[in-house]
Structures are given as structure tokens and as C-alpha cells.
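Residue numbering begins at 1 within each chain, and the chains themselves are lettered A, B, C and D in the order written.
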Amino acid sequence: MSLKNILENFSYYRRDAEAGGHHEYEHRFAMAIDLDICTGCNACSTACYAENNLPVVGKERFEAGQAMHWLRVERYWDEIEGDYPEQGAKMIPMMCQQCGAATCEPVCPVAATYHTPDGLNAQVYNRCIGSRYCSNNCPFRVRYFNFWSYYEDSWPEPLRMQLNPDLSVRDKGVMEKCTFCIQRIRNAKDKSQREERPLVDGDIITACAQACPTDAIVFGDTMDPESRVSKAWAKHQIHRGPVTAKKQKADEEIRGYRVFDELNVDPSVMYLERVRDTEV
Amino acid sequence: MSNHRLLAMFKDFDDAFEVVDKIKGKALSSVEIDDVTMMSPIEHPDIDEKLGDRPSNIAYFTLMGAIFGVTFGFFFLAAAQASFLVQPQGGKPVIALPTNFVLMYEMLIFFAVWTTVITFLGMSGLLSRRGTLYSEKLTVDEIGLVVEVSDGDLESVKSFFKENRALEIREEKV
Amino acid sequence: MSVKVNRRKFLKMLGWGGAGTALAGCDMPTTVTLEEGKEEVVSYLMPEEYVIPGIGVWYASTCTQCEAGCGLHGRVREGRVLKLEGSPDSPINHGNTCMMGQSGVQSHYNPDRITAPMMRKGGNLQAISWEDAMAELSKRVGPSSGVDGKRVGMVTGTISGHQSVLVSELLGQLGSKNHYVHEQINTSVWRTVCRDMLGDETPKLNFDKARVVLSFGADFMGVWGSPVHNMGEYAKFRKGAERGTLVQIEPKMTMTGANADLWLPANPGTEGALALGIANFIIDRGWNLVDVPARIRGTLKQYDLVTVEKVTGIEAEKIKRIASLLSERSPSLVLAGASVENQENGYDSVAAIMLLNLIMGNVGNTIGATAKFAEASMQAKQGGTKDLLLLAKALSDKKLDVLLTYNTNPVFTAPDVLQVQAGLANVGFKVAFSMFPDETTLSADLVLPIHSGMEDWGTHVAAYQPEGAVMGFQQPLMEPIHKDTRGFGDIMLSLLKLRGSDFAKFDDYYSYIQTSLLNMPSSIVTSTGSKEETWNGILQNGIVKTKGTTTPLVPKLVDVRYKPAANNSEYPMHLVPSARLGMWDGRHANIPWIQEAPDQIAKVVWGSWAELHPKKAAELGVKNGDYVRVTSASGSVETQVYVHKGIHPDAIAVPVGQGHEEYGRYAKGRGVNPLKILNPIMEKRTGELATYATRVKVTSVHKTGRLVKMGGSEVQVGRKFVRTISSSVFQRTEKEV
Amino acid sequence: MSQVIQDKVIDEKLEWSRINADVIASMQSPRRAYWVALAVCIAMLFCAVAAEIYQYKYGMGSAGLNNPHMWDMYIATFVFWIGMSHAGTLLSAILHIIHAQWRKPIYRFAEAMTTFSLMTAGIFPMIHLGRVWNLYWVLPYVSDRGIWPNFRSPLVWDAFAISTYLSSSALFLFIGMIPDMAILRDHTTGWRKKFYGILCLGWRGDDRQWRNFRRTYMLLACFLIPLAISVHSIVSSDFAMSIMPGWHITTFPPYFVAGALYSGCAAIMTLFVALRYFFRMEEYMTLNIMEKTCKLTFAIAMVWTYLNLIEFAATWYGHNIYDKELLIDKATGPYAAVFWTMIFCGMVVPFTLCFQKLRRHMPSMLVVSILLNLGMYVERWMIVAPTLAMSHQPHQWDVLWGTVIQWAIVFGSFGWFGLLFLIFVKLFPCVSMYEVKELCFHLKHEIEEEEHEKQHAAKAKAGATAGGGASPAGNPGLEGA
């Protein structure tokens, strides 16, 4: 009886992210990306195309801004007065940050995007009606919409033989984004279940982290204190949850930060600041 | 018992009102003031005054509709949210009151408006057939007065009409 | 002839050779597993043995997308290869891959692959059967053809392993010495200098030991040497006890430059002078760790700071800082790459740069010897552009009657002035072994479609061997997609058999490789039991690890006769035909993922562009997206401009890779090819084509368009996406904890 | 002349039968201009339908939308039409409650405009959906899979608000039309008689019906005012509830409501001029009514201007760098021309309404009202597009001007609205006959009373001199037809 349900669990259902949320998380997958050793080579992005059946949209549609790179390597120039960018360029792999308090989630009219017990910001393609509100409300702009039907154009025979059967090819009208390779998470969970053991660090490795030639991307579960990513977060004094005074970094010069942390969205990707030898 | 229904057409409200006054004043045995109905192309604010207290209780139903809307709204939304636990989103609680208030407000109005309209259809006697006495001039500029009388008072009512410049008198048996 | 491995046998081998990582599909009930012996639940759906729906199996192989020879694991499901990942066992890539490796599957599944042999009939290439094709081949190069072996040539890309042996055998059998090894992206000059000054062509570069890397145009993360390996080493260099400092000097910012702590553009072609200036300053201060003979000291004296500042355009203060950096943070590693090598004075510049390594005592420290694969005939034959020039000459001199091409595309990469395309008309019979209809292939008289890297057997010995000397083993990850393609090795074998040889005993290339490997000395292939077990071990690892032979480095100073390039008033700009990781020399232009992946610096996709410094752009009155004409003495190209500060104001960079006239739907007619307008300037000492020496003039054509690139704003506009801290802070907060 | 006479919005001596006849005539025998207008509207609609079919088939990419610009003119147009819908119902209801008699000749077409612009607006969220065939998932129906829409989403609020508003304002329009339906039943022939006979629900005009009618109408008016305000607040929540700079603004709900009233009034002015001209309704849609409408529009324009400036000021002083940069970009960046058009049309043009000569000059008012509408349209676009173009993430900055498909659908929406409106004016009276009669009746009373008072005063004065003598209180009655 749902009335009974409401009355009995009301205070539980009223808990928000600041109060620990209603979720009982099983895992909270997260990343740590070291921008000092990220070279901006694009291997992660291409690996993502290969793993996640991302369509190649072609020049005209790329020009129209309809590219589907779930993981894009952004390049920024320094705003400098001098003649040359002597500190090189700034590279950052930008993908869905799997925010703990994601702004995209509450605006979806049909609950097609929601938070999984794994701490992922999941997108249910079948449920999506394409209102695109989630993308509008994403400060990172990392949600990609299927503006066209790409299947015929992007995968002419026999290119489509490469498609990963572990996940679908999305048709027009559906929003999609980085899933932290949810099919790999699923497979690893199945495997650990079969082997009757808990998931351990390293069981799951996302396509981007796997490909990275400098191992700049570390993926893991922040609920597991022994995981590499947990240690990296702890070392760089970044804590889960929205930013509160208590949780701020003790030392501002520690490298860890989350992009747009000031928006209180609790991103699951920690970046480590780029380092430049300013003495040369 | 009244067994005749009379319709008289008048040129203006004042003529009709005089007839009403006369009926009220003469205390005819078979004619109650409640048996008098006035039909008009427009609404005259004095009609109620002349015809006496005839209450309209639509507002009570509206209130009930509104209360139902807001209560139903709350429980409907909360029940839906509490049974759809996949919804936890963006760090928001499962039952998100601020958003539910918005929708409760809309549902309040929705139910209030519909109850009002449905009650109106019932209370105003629309959609029900009541007699054939009618003149198309009623929708132009003439005022009609319908009186239900018994045989005894028939003539005196008719004479009131005539005295007050009735343009036309129609009659039917009830 | 047919491939003698039947399907059953083939799949059996796969079954044994698999790395054995079985994964359940996410949609499959977890109870249906191999482990629990419940395969029969899905047996009805099983089309063949070892093809279990929903189970992905990983097989080891070797990447053929460039010459670095990275080890691969390929995920195979339902008989299809789906995803490539780096093999953790490979000492070259340590489990990682670059974007080219990742897109190997799109090479393999490319919709524009040639699916049947073709022969030129009446001017057009027409599909024929393999029987006819082999008959034609026998007719033209067989024993009865009467072909003059000396007039037979073969042009390949860098080639190694058993393929190389077969090519050598074939040419030897014919009596030909004309093996042209052409590789557009190469380190030939660097290799020559290393040979002359260190005694080893491909010395081991210990980034992890270096505290400073000073790189003159060496895009070691991108297109210089073994990029994936170098990037891994770079990470160690950055993450070491002390964070290493990277200084990059190059006319156009490469990916490596983008990651440098200090990036400076010296006037193009004067990097040698800069190196000498730094050396002079170091010796002047007595900072050098190795003594320098007076003879060289005398040469260096001319390169005082004032002169060098004038010549190179780099402030004296910066030169001093670089010099003191090399001294304070020894050991260092000084590298030279394409923009230095491929100048007219390339050899001397690289020698001047190598001098820094020598005087700072880097040799034997950050630069070490590499092991060489014990079987010399299988070592990599590394190519360059010298052979392209030789080929062009042979063609125009009508010295070739038969030309075989494999794994290279000289018609695309050769400058127009070399007239390779026209020269090919002088060759009576041209055979192309190719997967794709590229320019060279479509100029051939007989086109033989070959297997992809994922369908064929092969062995690869990388030129740069960081740990030991390994042989990458390439095995098919799936059955050939197209029924009418054949393995390159198989065709070579059947050509060899035409004249009857030792190879007659091998049924096919597979059995040849197998026999050959199993009969190798135990120093190369260590037996792990029976032959079958050994063989399975090779298949499973995808790599044959050997110690190799190592000879210690012998540092030797050479005279540096450095002379900066002359100015040219008619063509004031330097053309930088830049290359990038991914597109490489244009061979990957037919891969959609590569086309759609933005250039690492300009972030342009699906086309060509020209990079200009804002100063120059203002002078020309052009902005992003405007078209300019780049004219050299040998021709001109027209493309859109991308303006940024990461380029020398006197240089214009036009990336290579685009401008294909053929090469399938994704590459054809897209962008421009800057190689076409190169002047035929040779590097003086090595005879390589000096690709960076061409001078051009740039004019606006008063046409504008939208530059198709990723990214709206070029700067962060005050946002903190990429934050930067100084390495001193980093040292305090992270290294000393 | 007295104030009442000077301000009178209609000639009180209009014969009631003529009112009937005039209005019924306006509904019959369309002139050629009507057919031309109808053809134009159908052609415009056809453009939109063709564009929509294309877009449905090939995907939203054909509208030129892209990663930063997930929404664009569709949503701007949606807000525009929703805004336009406000004038009719809200003004009608407010003016009804405060007994502003001058609303009576014009409220009917204004309410029709409300309903039709809502029907137009409601189409846009559908057009803009990537998978419109799953639209019904937004509705809270009981699904056997236990799936519900997400009640946190402002888009679901939109669905609730728009359906509530559409049904309520349609009911309001319909209830207000019942007495007129009876008039039409009595004075038309053929199919119309049957048609109106059904629609009038047996209206006879007896006292019970009038009494309940008055009460119902008042109740509905009372509910419609907060409803209308909530609807546009909810529409503003689509933006204000987000995190985006330029959207997440506290003043958005009142700003949107003011903007809605503003564009609604401007639309009323446009239709007023058009109907007055085409249906020769000069006697009903008098210049005095226009003047009052103009004054009201001016007042609302000033409210809107104020709220707009407040928004700028709050952004300017707020030191939220994203918001502030966006504001500067709006005024100086690629959208500057559009932004200044909005400022000019929305803030400067309404000052023409201060001049009586202009207010009484219909061609000028047509131009002014169209300019105001243009200003309000670009205002909506300036809300939607620049935020998407220049939000938090500079890497995704992009300027979008839409494709032919998008423009065609936006253009066609005017055809759809026009078509509905044109059908309406021929099926239903665009002037409320019974209320015009009431207006005349009351006006006449007022004038008579005033004259009576005047006479009384004169007599009192005369009586004071002549020694008095009360005159018998005359019962003026109703002269009628």
C-alpha cells in the first residue's frame, strides 16, 4: 500500500544529497585524471569511439556541432600577452563527470536519466523522449544528442561488423553520453559474482583509461578505500559530496580539483592540476 | 395546483418588474413568487432583488473541488514518487515537496474549475427540458415572464400582464 | 593456390592461442557460463566451435598501423574482432595504445578495401580471378618471362620479420638490388647521426633517468620513433622523484611542444646554431661534464650569445637559461626531430644537438644501447625519403621494367616535381599488394588485394627496441572478411615457388613462419616443452621476447660544419609539412575515426588547414577560416587558415595526410597535400629529402569559410578547466610527502 | 460633456437587434479578403507541415540544432505563444473582476486568441521532442511497469500547467459564449441553428441560469488569474530552475508574466485593428476602447521594462561571472543586433502609446503593435539562444541562426494560429453580443442618472431661488428597441 509506504518512510524519502541522499550506494565509481601527464594525444577518445559504438558524423555534421565524441580532448590556449605560448597548450579530456548531484537528472521529464546505486549517472535510451533539457542543464556540455539516424551513414558494410554487441546503437532522437563503460562494469560484476568474490580494484577498466599511453586516467570505486582512485582522491583532499566548508581542501596548493565544483554538483572526476616548470 | 403556465413578453425590465411586484402584492392563492421566472437577453442586477432570495451554491462545490484537487495532488504525487524509487536524481529527495507544491497548485485549479463548470451545468438547469414556452425575441431585446398559475388565478395574472403593456402572452397547460 | 588452413584448423588455433579472457555479455544470464559447464544451454545457438554467443575472447597479436610494433589484444566475439587494446606483455607499449592502434579495426573493416584482384585492361582496372592474376604474375616475372632481374624493383614501407626475409629472398632470386624502403615519417637523419656519433642507429632513450629533456623538433609523443612507448616513458619522466622538465624548440607546436614547460620557436633551420650556442655557453662556463677537443671548441667559439640570438631569434637570456638548466639538472636528454632533420643542413644540426648529449655526459646515462634482434635478416629495414628520391630517379631514367609496391604510397607522398606518377608510366609492369585503392595502387597494372593485419600472419621486429629485442607476432583475429583477399606472405611464397626454391616445402606462409620460428636458435625462441606447446606459447603471448645482442655505445665527436639556411626574398616563409599522431603520413586518412578525431593542436577535423601566427595573419589580413594560397617554386595549395601563437611567425604549417586523390570515400578529395609542393631539396649529408626546407609565399585569396574544428572558445575565459601550478609547488606538495 | 459621456466606449443608443444583426453578419458570407487570408494561412501551415515531416523523418539535426543549442527557436516560439495566450484570459478575467465595462466588446476574440495561441504553443514542445511518438510518457498514467514521469522536471510542470490552462481557458471562453450561442440558435437557420442549438446547452436566459452563470463566470475568472500567472511562472521555471547563466534568475517568473501580458496586449491591439477593419466593427471596437487598451499596454510595457532592467542590474551587481559575461556578450557579442532590437522594440517603441493622436490612429497602432510583438519574440529568443551559445563551458560556445526547417516551422505556426482564428471568427461571434447589450444598458443608465442629477442640481438651484418643490422621481426604465 503506497499510502502506508509514504507515511512510514516519509523522512527517509525526504533525505537529499546534503543529508547523504536516499541512495544506499554499492559503489561510487570515479576517476582521477592527471593533467600533468595527459598529453592530449586523443587515444582515449578513439578508444571510446571503438568501445561505445559512437557514430562518425562526417564533416558537415561536425561543422553543425553535432559530433558525438563522448570523450573529447579540449585544448585551450593561455591568455597571454607575449608572442608565443611558452608553456604549451592546455589539454583536458572532458567526459560526463557522473555528478553525484547531477543537474541533468531532475530536469528529465520522463526520468530517463537517473542515478544508479553504482554512483553513475545513467541514461536509459529506451525511455528518452529527446526533450534535451538534460543537456541544456549540463554545465559541462558533455551530453550528446542523436540529431540524426547515424546507423546507415556511419557504419557502411562491413564497418558495422565492428559494433560492440554489449551495447546498443542509438537511433535518432535519443540523448547519450559517457557511461563510464557501463557494459564493462556489468561484465566485471558478473564475473566477480560467478567467481563468488567481491569486485576488486582493477577488475573494471574503462576503454579510455585502458588506452591512455601515459596512464593519466585512473578509474575505480571510491567506496573501496584501497582502490587507486580512492587513494588519489584522499591524497589530493577531494571528498565526495557537495562542497561544504568542512570538506574543502586544507592546502589550496594540493593539485586535486573538480571542474565547476563551485556549482555544487559533486562531479566524480577529479583532475590533477597541470604542472609547469616556471623557472625555465 | 398550478396547471397553467403563462409567458408574457415585455418591452423593458420595468414593465416586468411591475408585474412581479403586483403578483407579490396581490397574494394570489395559487401563485407563489417562486413560481415566477424571468427570462431576459441580458442579466439585470435587480432580478434577484425582485424575485427574492434564490441562492446559488456553486461556490461550495468549487471549494470542495479545490480541496480535493490539492489533497489528491499531494498523495498522488507522493505515492507515485515513493513507488518509483529509481527516481532519486540530482541529489534531490524522493518526495521533493517544492516541486510537488507546484503541481498541487495546478491540480487545485484544475479540479476547482471542472467542478465549477459541471456544477454550473447541473444547477443552472441547462441541458434539461422545461416547458416549451419560449420566444426568440428573448434573445433580442424583450423580457419574458413565466408564471405558473392555477385556473383560479389565470385571469388575474393575465390582466396584470395586460395592464403592464405585455406585448404578447402565451399559455400552455402543465 | 589457397590458404591451406581450413576453418576448423584455423579456429582451433585461435582457441589455443587466445589470451583466454572470457567475458559474459551483459545481457546474458550470469548462470550460463563456461565455468559451470552449462554451455549446452546456448549450444543450439552456437554456429561453430569456439564461437559462443555473448562471450568475448581476447587474442594476442601485433599492431600494423605504424612501424612501432606495439603488442595488441583483440577482443573477438561471435567471430568478429571488436576492439583492440594494448598487450600488457609488450615491452614496447605496456598495454597501451594510441589512436591509430585503436582504429586498426576500422582499417580492417574498412568499406573501401579492395575485394578482388584487378588488372589493367584497356586503361582501366578490371576485376579478375586469382588464377588469372597469378598466371599474369607468372607470365611477367616468372622464370619464362625473361625479365631482367636488375630491372625489377620493389618499393615497401619499413619492413621486418619474415615478410622482410621473403622480400629479400624474392629480390635475391631475381637478382635485383632495387629494394626501395620509403617511409615519409622517419628519423633517418637522427639515425645516421646516432650511428656516426654513438655507434648505434637506434639508441635507447631513458626518459625516466633524464631530469631535463631538450627536444629540438622531436615530436616524440606524436610521430617520432615509437610514440606509445615514448609517452609511457614521458609519464615516468614526469612522475619520477623529481619532475622532469621538457624544453621544446620547434617552428610549429607539436603535441610534444604542447606539453613542454618551455616552448620556443627558433628561426626554422637554425636549431643547430642554437645547439652550438648552448654548447658554447656551457663550455665557456666550464659546465661540461665531458671534455671537448680544442678543434671543436674552436668551431664553437663562433657561436657566442649575440650571434646565436641574431641567427636563431631566441633571446640570449633564454639561451643562458636552457644552458644552465642542462647543467643544473644533469643528466639530460637532447633530441632532434623532423623540423631539424629535414632541413638542408639537417645532419649538421642534429650533430650539433647530439654534441650537447655528448658534452653533458648523457651517453651511457640517459642514452644507452639497445639490443638488436639476433637474426639480422629479420631486423627492421627502416626507410626514409632518400629511397623515394632514388626511386623517382630510377623511374625517370627508365631503369625499371617491373615494380612491386607494398605498404607504401609514393605517388601520394612524392612531391610533384619528382614526377613519380609520370615516371610510373615508364615501368612496363607494376604490381601493387594493397588493401586499399590508394594512389599508388590505382596506378598499378596488377592489383593484388591482401589480408588486413587482423586476417594475416606475420612477424614484426620493431626498429626501436626498448627492452631486449622482441619480435611481435601477428596472428589472424578472425577469418578474412572478403573471400578474395590473400596474405602478403602467401603471395610472396608463391612467387618464390615460381622459380623453385627452399620455400617449396612450405604449404603456406603460416607453416613457413611456424617452421621458421620453431627452428630458431634457443637464444631467440625459448622452448617451453614440445614444439606444439612452444608454438601455443607464442600464439598466446603474441610476442617473442629475446635478449638480443647489445653492443655498447661508442661516443665519437664529429666535426660540425653547421651553416644556417639562406634567406629567400621571393619565398619568405618556411613551409612546415607537419605530421600528427593519428593521421601519420596520410595512410590513415581513410579511417573515419581518425578523420573525425581532431588534430591535437589545431583541433581541425576532416580536412586541411594552414597554421599561421597572429602577426603574420594580421599582415596578410586573414583570420580563422579564410583561405590562403601557399606557393612554392614547385606549386601551390589553397587552404583555410587557423591562427594561433604556437608557430613561428615566418612559418606556415600545412599538415600532411590529406589531399588524397584516391583512397576511398573518407579520404578522397579532402583537403590538400603539402608534400606535393615541396622543392626537391636534399639534406646534404644523407641525401634524404629535406621536407622542411621548402620556402613559400603566402597570399590571401579573399575567400572565407567556416573552419570545421572542435571547440568554440580557444581560451578558458577565466574558467578553471585546466589549472596550472608551478613545479616548485608541485615538488613541495607531492614529491616530498 | 460629462466624464461618462466623454469616456463612453460605445454608443449606448445602439439598437439591440442591430447588435445581433451586425455580429451575425460578420460571421456570414465571407468576403474575398477572408478567403485570401485563409489561403495564406493554409500555405504557411503547409510549409510548417512539410518541414515537420522532414524533421520527423530525418531527425532534429535538420533543424540545425547542435550540442550547445539543444533548444533554440522552437522553445523561444513556444514561450512566445504561451505569452500571447496570457492577454486574453488574464485580462478578460481581471477586467471582469474589477468591472471594467470596456472589456466587453473585445474580450471574446482575446479569449479565442488565448485558446488558439495555447494550442499553437502546445505544439512546439512536441515538435521539439526528439522522439515525439513517445510524448505520452510525460503524462502521469498508471503503467504496469510502475514507471512515472519525473515530477521534478519543469517540463512535466509545463505539461500539467498547459493542460490545466488550456482546458480552463477553453471552458472560460465557452461558458462566456453560451448566451451568445442561444442568440445564434434563435437567429440563424440551417446547420448553424442545429450547431448552436447543441452548443447553447438549452440556454433560455431565465433568472436561475443567469444567476448561476454570473457566479460561475466570476469563480472561473478568480481561478484563471492565479492559473495564468502560475502557467507563465512555470514556463519561466523551464529556465529559472536550471543552473545555466542567464536562465537561473530570481526575477524570471514575474518577468515572464509581465512579458506575457505585454505581448498579449500587443497581439490584442493587432487583432483589434484587423477585426475592426475587416469586419467593419467600428461601432463596437471603438477608438475609446483602443485608447484604454493602449494605456494598459503602456503600463504593462513599463512593468516589463522595469523587470528587464532589474534583471540586468541584478546580474551586473551579482558578480556571478558567468551571468555577467553572458550579459555583456548579449549586448556586444554576435547576438547584439537582436538584443538591441529587443531593447528598442520592447522599451522604446511603447512610448509612442503616450500620444493620443497616435493611439487613435489605427494604421500607426497596427505598426506599433507589430513592432511590440517583434520585440517580444526576439526577447524570448534572447532568453533561449545566448545562454546556450555562451554558457559555462567555453569549449562548446557556438552561435546558431537556425535552418530553413526551423524557420519554416516557426513561420508556419503563425499560419496555424491564423487558420484557427479565421475559422473561429466565422463560427463564433468575435464580439460578445449579450455583453455589448449589457454595456449599452448600463451606459444608458449611467448617462441618464447623470443627466438626472444634473437636472436635479439645476432644479435644486432653481428651487432654492424659487422656493423649492420636489420633482417626482421618474423611473427611466428601458426604452429598448
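Note that in this section a contact is a pair of C-beta atoms (placed from the backbone, for glycine too) under 8 Å apart; a residue touches a chain by one contact, two chains touch by 3 or more.
Keep in mind that this is a model prediction, so the values were computed, not measured.
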Worksheet entry | Chains contacting each of subunit B and subunit C, listed by label | A, D
Practice prompt. State which chain is most central when centres are taken as means of Cα atoms.
Written response: A
Fill in: Distance between chain centroids, defined by C-alpha means - subunit A, subunit B (Å)
62
Discussion item. Averaging over Cα atoms per chain, report the distance between subunit B and subunit D in Å.
Written reply: 29
Practice prompt. Could you please state the distance in Å, as a whole number, between where the Cα atoms of subunit C are centred and where those of subunit D are centred?
Written response: 68
Response to the item:
Note: subunit C sits from subunit A at a C-alpha centroid distance in Å of 32
Item to complete: Could you list which residues of subunit C touch at least two other chains?
Response: 711, 713, 715-716, 721
Practice prompt. Mark out which residues of subunit D touch at least two other chains, giving numbers and ranges.
Written response: 68, 147-148, 150, 152, 156, 392-393, 395-396, 398
Fill in: Numbers and ranges of subunit B residues touching at least 2 other chains
81, 83-84, 87, 89-90, 92, 96
Worksheet item: Quick one: which chain pairs are touching?
Response: A-B, A-C, A-D, B-D, C-D
Worksheet item: Which residues of subunit D touch subunit C in their complex?
Response: 68, 321, 325, 392-398
Worksheet item: Can you list the residues on subunit A that touch subunit B in the complex?
Response: 2-3, 5-6, 9-10, 12-18, 21-23, 99-106, 108, 111, 113-115, 242, 266
Worksheet item: Mind pulling up the subunit A residues that touch subunit D in the complex?
Response: 61, 64-67, 72, 74, 76, 94, 103, 106-111, 127-133, 135-137, 139-141, 144-149, 172-175, 260, 263, 265
Fill in: subunit D-touching residues of subunit B, taken from the complex the two chains share
11-15, 37-44, 47-48, 51, 54, 56, 58-59, 62, 76-77, 80-81, 83-84, 87, 89-90, 92, 96, 99-100, 102-103, 105-107, 109-110, 112-114, 116-117, 119-121, 123-130, 134, 136, 138-142, 144, 146
Fill in: Contacting residues of subunit B [partner subunit A, same complex]
75, 78-79, 81-97
